[in-house]
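Take a look at this one; I'll ask things after.
So that you can tell them apart, the chains are marked A, B, C and D in the order they are listed, and the count of residues begins at 1 in each.
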Amino acid sequence: MINRFNKYRYASPATFYHFAGRLIPWFYGAAALFCVAGLYIGLFLAPTDFQQSEAYRIIFIHVPAAWMSMFIYVVMACWAALGLAFNTRMSFMMASALAPTGAMLTFVSLWTGALWGKPTWGAWWVWDARLTSELILFFLYLGFMALQSAIDDPRRADRAGALIALVGVVNVPIIYFSVRWWNTLHQGASVSMTKAPSMASIMLVGMLVMALAAWMYTIAAALSRARCIILERERNAQWVAQMLEADA
Amino acid sequence: MLEGKDLACVRGERTLFTHLNFTLREGELLLVQGANGSGKTSLLRMVCGLMAPESGEVLWRGEKIGAARESYHAEMAYFGHSPAVKEDLSAFENLDFACRLAGIPVKREEVKGALGHLGLGHCLNLPAKSLSQGQRRRVALSRLLLAKARLWILDEPLTALDQAALKLVQSLLGEHLRQGGMAVLTTHQPVMIPGIAPKILDLSA
Amino acid sequence: MSTSQTVIVLLRRELLLAMRRRGDVLTVLFFFVIVASLFPLGVGPDPKLLRLMGGGVVWVSALLAAMLSLGRMFASDHADGTLEQLVLTPTPPVVWITGKILAHWLVSGVPLILVAPVLGVQFGLSGEALGVLVFSLLLGTPVLSLIGAIGAALTLGLRGGGVLVSLLVLPLYIPVLIFGAGAVDGAMSGLGAEAHLSLLGGILILAFMLTPWAVSAALRISIE
Amino acid sequence: MNWNSWPEFFYMGGYALYVWGSFAVTAILVAGEIVMLRLHRKKALELALNTVKYGKVKNDENEA
C-alpha cells in the first residue's frame, strides 16, 4: 500500500531528476562559451577608458554579478511563493538550490566592487548606495541559508525559508530606497558609483554576454544542487532504489 | 459529525500512515491505538487543525475544518501532551484567561466549581509552578469542563493521574458522551466506560 | 466575543505575566543603557563628536535591546503549550497576534522611549533633537516589534534561535534605523526631520498592515 | 586589439593587482562551488545507497 502511494507522490521529483541530469552539461557548456566570448570582448575588444584606463574592466565581472545576485533572489522568492501557494515540494527545493549560488555571486560583486573602488576612489570600501544594498542582500541570503540549516524537519525548513525569502523580497526595494536616501543625504553623492564610465556600446555588449554566462552557470549549478537535495530527500522512495540498482 | 477522509501523514521523510478514514457521530468515542512512533499524536494534531495533512481532509459537519475554522474551534477542545498552564499565573487566573480567550464567558463561581470538581479547590490562588504535574493536568481537565465543547480531542489524558482522578476522568467522559458529545482519545491504559462501545482505530495495522 | 475584547484580554494577561517577571523588563532596559554608554568609552569623550553620533547610537542600542527581548514573545507560550491553545481559539489568529505584538511593544518598546531622552542628554543632544528622538522612537519601536515577531515565530523552538533571529531580522530593521537616526540628524543639522518622520510613519503603517499575516503564516509553519 | 604583447596585457596598465585580483577570486569561487557540488552529489549518492541497501534503520527509532 505504501509503495503505490509513493510512486504517485514522487513522480514529479523523479522525472525532474532525470530531466535536469540531461540539461546540466548543456548549461555548463553554454556558460563556458558565453564566458569566453564575454572575456574576449571585455579584455581585448573594449577600448581603454580615458578616465580609469584599464581598471574599469572589472565591471565585466562586477556588474553582471550584481545583476544576477538581485535576479536570483527574486527568482528564489518566486519559487518560494509557488511552493507556499501550491504546496509543491519541488519549488521549495529549487529555492534552496538557488540560495548558495546567489550568495556566492553577491560576494563576488562585493569583492570586485571593493577592488574596483580602490584604484578609482582610493578606498577599499565605499559606502555607496548600491554597494551597501548589495551587502544587505548578502545578509538576506545568509539569513535564508542559516534558517534552513537550523531546522531539521525538511517540511518546516522549506516553508520557513520560503516565508523569510518572501518577507525579504518585499523589503529589498524599501532597503534600497532607504540606503540611497541615506547615501545622498550624508555624502551629497560626491563619491558614488552611479556615475559609471560612459557606456560605449561594446562595453555594454561585453557585460550582457558576461551576464548571460553568469545566468547559464547559475542554472547549471542550481539544477545540480537541486538533484542532490532530491537524492537526499527521496532516498526512501522506490525510484531511487531502482535507479541505484540500475547504475550498480 | 467528524469525518477523516483518505488522510496521510509524513514526518521528516517517513510516511506514518496513508489512506486513513474514520467517522465519528454524536455520543461516540474513537480510541486511537498504535505503537510509539506510529503517528497517534500527529493524527490528533491533524484532526484539531494544528497540523496540515500531507493529503486527504478532515471534515466537521461536512465542511473542511480549514474553511470552517472559527465554528469548528468554537466547538472543539484539545488536550495535548503539555497541560497548557502558565507557571507564573495561579490556577484560577490560568482558567479564567484561557476561557475568556476562547470566547467562553465564565463567572468566578463556575471556575471555582470546576476546579473544586477536579479536587483543586484548595489551591485556587497558588501560582501554577508550585503545582505537581498531576495537578496541572487536572487544571487542564477542568478547562475541558468549562469549555462545554461538543468534541473533545484528548492526547493521553490519563497519564500522571492517580486512581481517584482516573475514575473521575472516565465518569466525566461518560457523561460528556451521554449528553451527545464526541471524543477522540489516545491512551495506553484500558478505558472502560459503562454503556459506551468505543470505535477502535489502530495505526500500526 | 468581539475582536477588541480578545485583544484586551490578551493584553491584560501579557502585562500581568510581565509584572510577575519584572526582571525581564529591566534587563532589556539595562542592556539599552549599557550599550548606549559603551560608545563614548570606545570613541572618546569629545562632546562635538558625541553630539554628532548621539541619535545613531541611541537608535542602534534601542534596536539591539528590542531584538534581545524578541525571544520571549512566543517561546514561553510554545514551551508550556499555551500557544497551541491560542492557535485553537475561534478568533482569527491575526487578532491575537496583533495583541501579542502590542503587548511586546508595551513591555520592551515603551521603556526604551522613556529612557531615551536621558541618554540623549548624555550625548549632548539639544531640546528639539531630543523631542525628535523620542518621537522617532515612538514611531519606530512598534515596527521593531512587528518585524521582529516574524523572526521570533520562524525560529520557534530552534536551538541557537537567539542568534538566528538577529541574522533574520537585523537586515529588515535597516530602513527603520536609517529613517530614525536620520530624523535626529536632520533635526540637529536644521534640515528638519519631517521627511524622515513621515517615512517612518509610512513604514509603521505598512508593517502594521502586513506583518500579522506573515506572523500567522510563520506560526502555522513552526507549530506543525 | 588593445595590447601589442602578452606581458603588457598582464600588466593591465598598472592595475594588474585589481583587475586580475577580482578575476582570479571570481574564478576560484566558481571553481570552488563546482567542486562543492561534486562532493555534495557524492555524499548524497552514498547516503541514498546506504538507505537502499541497509533499509530504513536510521528512521525507525525517532518518535512520531
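We take it that a contact is a pair of C-beta atoms (placed from the backbone, for glycine too) under 8 Å apart; a residue touches a chain by one contact, two chains touch by 3 or more.
In this text, all values refer to a predicted model and were calculated from it rather than measured experimentally.
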Inquiry  = With contacts counted as defined, which of the two, A-C or A-D, has more C-beta pairs across the interface?
reply    = A-D
Ask   = Centre-to-centre on C-alpha atoms, which chain is most distant from subunit B?
value = D
Task = Quick one: report the Å distance separating subunit C from subunit D, using the average Cα coordinate of each chain.
result = 40
Euclidean distance of C-alpha centroids - subunit A vs subunit C, Å = 32
Ask   = When the centre of a chain is set as the mean of its C-alpha atoms, what distance in Å lies between subunit A and subunit D?
value = 14
Ask   = How far is the middle of subunit B from the middle of subunit D, if each middle is the mean of its Cα atoms, in Å?
value = 52
Key: subunit B, residues touching no fewer than two other chains   = 11-14
Note = Where subunit C touches two or more other chains at once, the residues are 224
Query = What positions in subunit A touch 2 or more of the other chains?
reply = 155, 235-236
Remark   = Given the complex, residues on subunit B that touch subunit A span 8, 10-15, 18-19, 55
Message = Applying the document's contact rule, which stretches of subunit D touch subunit A when the two form their complex?
response = 1-3, 9, 12-15, 18-19, 21-23, 25-26, 29-30, 33-34, 37, 40-41, 43-45, 47-49, 51-52, 56, 59
Task = Note which residues of subunit A are touching subunit B in the complex, please.
result = 1-2, 5-6, 9, 152-155, 233-236
Message = Could you list, by residue number, the parts of subunit C that touch subunit B in their complex?
response = 1, 5-6, 9-10, 12-13, 16-17, 20-21, 76-77, 79-82, 84-92, 96, 220, 223-224
Message = Show me the residue ranges of subunit A that touch subunit D in the complex, using the header's touch definition.
response = 43-44, 46-48, 53-55, 57-58, 61-62, 65, 100-101, 104, 107-108, 111-112, 115-116, 118-119, 217, 221, 224-225, 227-229, 231-232, 235-236, 240-241, 244-245
